Each structure stands twice: as structure tokens, then as C-alpha cells.
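Note that the chains take the letters A, B, C and D in the order they are written out, and that residue 1 is the start of every chain.
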Amino acid sequence: MKVLYFAWLRTRAGLSEAEVSPPPGVTDVAGLIEWLKGQGEGHAAALGEPRLVRVAVNQVHVGPDHPLKPGDEVAFFPPVTGGGAAGGGR
Amino acid sequence: MKVLYFAWLRTRAGLSEAEVSPPPGVTDVAGLIEWLKGQGEGHAAALGEPRLVRVAVNQVHVGPDHPLKPGDEVAFFPPVTGGGAAGGGR
Amino acid sequence: MIRVQRQDFDVGAELAALTRDNPGIGGLCAFVGLVRDLSGGERIQAMTLEHYPGMTERELARIEAEAAARWPLAASLIVHRYGRLDPGERIVLVATAAPHRQAAFESCQFLIDWLKTKAPFWKQEETADGARWVEARAEDDQAADRWQDPRPEAAE
Amino acid sequence: MIRVQRQDFDVGAELAALTRDNPGIGGLCAFVGLVRDLSGGERIQAMTLEHYPGMTERELARIEAEAAARWPLAASLIVHRYGRLDPGERIVLVATAAPHRQAAFESCQFLIDWLKTKAPFWKQEETADGARWVEARAEDDQAADRWQDPRPEAAE
């Protein structure tokens, strides 16, 4: 299973990509996050603020109970901030 | 006093511009319209559908009770239709 | 800035000039109106835009000033053509630039909505049956009426 | 059509290509997002946009398809840059073309609102104090949320 970090999660993790093999008990995104936190300081630092962590599985936005299978690409990132000017301004 | 016609009011009037000298009793736009209707077929045809006639005095949109003075430029035209695509389409 | 002209305009050049040397602009919204080949289901061969020289410029400047009073705009532009145009040709360009995008979108839509009911332009369409004047549409009055009242939410 | 690229884009050429040979288009709405020189009152020296290659393209295509399902669009375009950009540089171009202008305005605003909360881009700003990641703004979530529900009025 491939894990990706973007933006400041990547900076905190100190890595942008990792190949991981979680045990069979890890069946969904929430489970993967809990397991990763025990896999080294980088993962723990990146995932330490769950409120600010967004997840995509195989490049699709998902929630914490999304199921996982071997071979999935799981990306963790903060809320997105693209697109230029912010929404306010009336 | 200069009177101008635009779009299909111009077509109906058969003229785009006329110099007119209404009598002193004509003091506002509504009075001018009534008086002009008696000043020939062209004026009468152009101003025959008051619901569709818009008025500008000295190049500013005005209502029927707008006062008039000698030397004013009074334009009559239908509702405007510029600007490209219409508003609908959700 | 407003301009009334017979000739076409270069959208890219106009928009680049509008934002040049103003890095406080975060969002630019532009609307281009084009001549459609269909009107009420009928094929249009060409369109002629008549206008009221002098009043047109005054009215466009007034509409632009109204937008600048309602929104925090860094720049705005209205370019409107007159004369005979073929289907697919550009008729009008409206653009507004602001620090934030909501102001740019709202003011751009305000400008085109007001322009369509206040600026003295009239369209004549040419079909296989001859030329006819285009009638004003209720949708356009409704679109303009949205902006009549000072907006209740005045948040930044 | 969607494109994710490092290099700048030519707004005029992009918009001309979008409407070319389609005289059924009556209105074209475009939004250009630019790098501001100020953010929260602080001067920005440059901005770097990171993205998630692969997912970005998928997500933009999905957002564009959603707009096409909601409005009668003749054409649409999203071009988004990544990499390091200076103040005043263009970041994103969103454009929609439709027979009528209301559909063009609404769908263009929908695209940029959704893009800002769904497309995997992240901004890092460089100030005199160093680089920092830009935080997501509540205004952007609110802007996107407007479009969550199928709109109650579905008139043509």
C-alpha cells in the first residue's frame, strides 16, 4: 500500500511517499491512520492533527470509514488552497 | 428643442431627428408626446404605443413628468436590447 | 474605463491591460457577449446594433461608477460594439478586477445586467424573412431588478 | 477541457479557442485568479503551488462534468498552474460558454468555488519571515457549500 503526504503534512512527515504493509486488522482509513502513528515520528507528526487531515484513496476524496485493500494509494493532505483569490470581498 | 428617434421608433417616424418648437403649454415629457402626435403622421406613428416608448432628456433616462425647457434634447426609443446574450439559461 | 466602438476588441490584451502593474488584484471576472446564430428558434444571418452616441458613453460611465461604489474594485472595463455583426462575433466585453473573487463576479454580473436594461443600444436581426428589431426580454428586466436594492448583506 | 501546467497561459487565445466555430454561444464568462502581493496584511514575495499529479486532473475533470450536468454549457475550460509564481502572475483560468449569460456566470462561479475546496492544490507563500503554508479559508467552504444542494429553481 502506498502512502503519500502533501503540503505541510509532507513537511512534518519529512517524507512525501512511503510503501507500507499494515496488518490485516487495518481495514479502513481511520485504522490506517492509527496504525501509521505508531510507525515512526514522521507519520505521527504528519497525522497528529486529525481535524486538519484530508484523505484520498486512489485519488478520490474519502472519509475515515472508507475501506482499504492492498495496493491502494492513500494520500494525506491539509484542506486544499488552490485557485487564486479567496471567496470574500463584497 | 431637438427630438430624436431610435430603433423602430425611428423606422416608424420615418425620421431620426427633428427640430421642434412646442407652445408654452408644453411643460413636460407627457405634454410633449401629446403635442408631437398632432405634428404629423411620423410623430404619431412613432409615439402610438406609449407603453413601449422610453424617454431621455439631455441623454438621461426620465419619466413622463420630467420638465422640459427650450434647447433640451429629447430622445424617444423602445426598451434597450444591447449587451449580447439574454439573461435566462440556468 | 468604457469604450464604444465599431471594431472588434482583443480580449486577452484588454484583460492584461486591466490587471497590469496592480498586484493587489486577486480575481478578474470577464463576460463576453457574442452574436448567436439562433434567436427564438430562427436562424440569424447578421445583427446590427444601433446606439445613441453620447448618451451611450454617459450611461456606461454611470453604470461603471455605480459598480465602483458598491464593490471594492481595483479596475473595471466595458467595451461595447455597434454596427453590423455576424454570428459568432463579439458584441461586448465587461470585466472587473478586485482583491477577492466574489466582488469580481458580482460586479461583473451587475455591469452586464444593468447595461442590458439601461445602455441605449438596440439590436436589429436579419433573417431569411428580412430585418426585424429585437424586443426587450422580461428575463433581462428581472436580472437587472436583482440589483436595485442596496444588498442586505454588506459583509467584507 | 482541463489542463494542469507549470507555464503561463494566454487568456485571449484560450477564450477564442473555446468559442470558435460555435455560433450558438451567446455568453462567455471567465475568471482569472492572480497572485496577490498581500496576504493577511503581509507582503508576499512569491508563491509556490504544490499539487497531487493525477488526482488533480481527475478532480478537475469531475468538477467540470458536474457543471456540464447542472447547466446547458456549450464549452468549458479549466487551466490551473503549479510551481513558483510571482505577485501579479496568473494562477488559474476558468471559463464557461452557454447560449444565455446566466448559465455562463453561474457555472463559472460554481467551477472556481468547487475547485477551491476540492482540487488538490496547496499554496506556500514566501514573506520576509520565510515560507509558510496558506490555511484554507472559511469563506471558501461557504462559497462551495452554496452549490451543494441541487438548485430548487431548474428553469430554462
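The rule is simple: a residue touches a chain if its C-beta (ideal position, glycine included) is under 8 Å from a C-beta of that chain, and two chains touch if they have at least 3 such contacts.
This is a predicted model, so every value here is computed, not measured.
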Chain pair showing more contacts of the two, A-C and A-D: A-D
Rounded Å distance, chain C centre to chain D centre (Cα mean): 22
Rounded Å distance, chain A centre to chain B centre (Cα mean): 68
Centre-to-centre distance between chain C and chain A (centres being mean Cα positions), rounded to whole Å: 46
CA centroid of chain A to CA centroid of chain D, Å: 24
Per-residue multi-chain contacts in chain B, two or more chains: 84-88
Shared interface positions of chain C, touching two or more other chains: 26-27, 32-36, 99, 101-102, 104, 112, 139, 143
Category of the chain touch graph - line, ring, star, complete, other: other
In contact (per the touch rule at the top): chain pairs: A-C, A-D, B-C, B-D, C-D
For the chain B and chain D complex, residues of the former touching the latter: 84-90
Residues on chain C engaged by chain D in the complex (per definition of touch): 10-13, 15-16, 19-38, 87-88, 99, 101-102, 104-105, 108-109, 112, 139, 143
Chain B partner contacts - residues on chain D that touch it in the complex: 26-27, 71-72, 98-104, 106, 151, 153-156
Contact footprint of chain D on chain A as seen in their complex: 4, 6-8, 11, 56, 59-61, 75, 77-88
Sites on chain C touched by chain B in the complex: 32-36, 49-52, 54-55, 58-59, 80, 91-92, 112-113, 115-124, 133-137, 139-140, 142-143
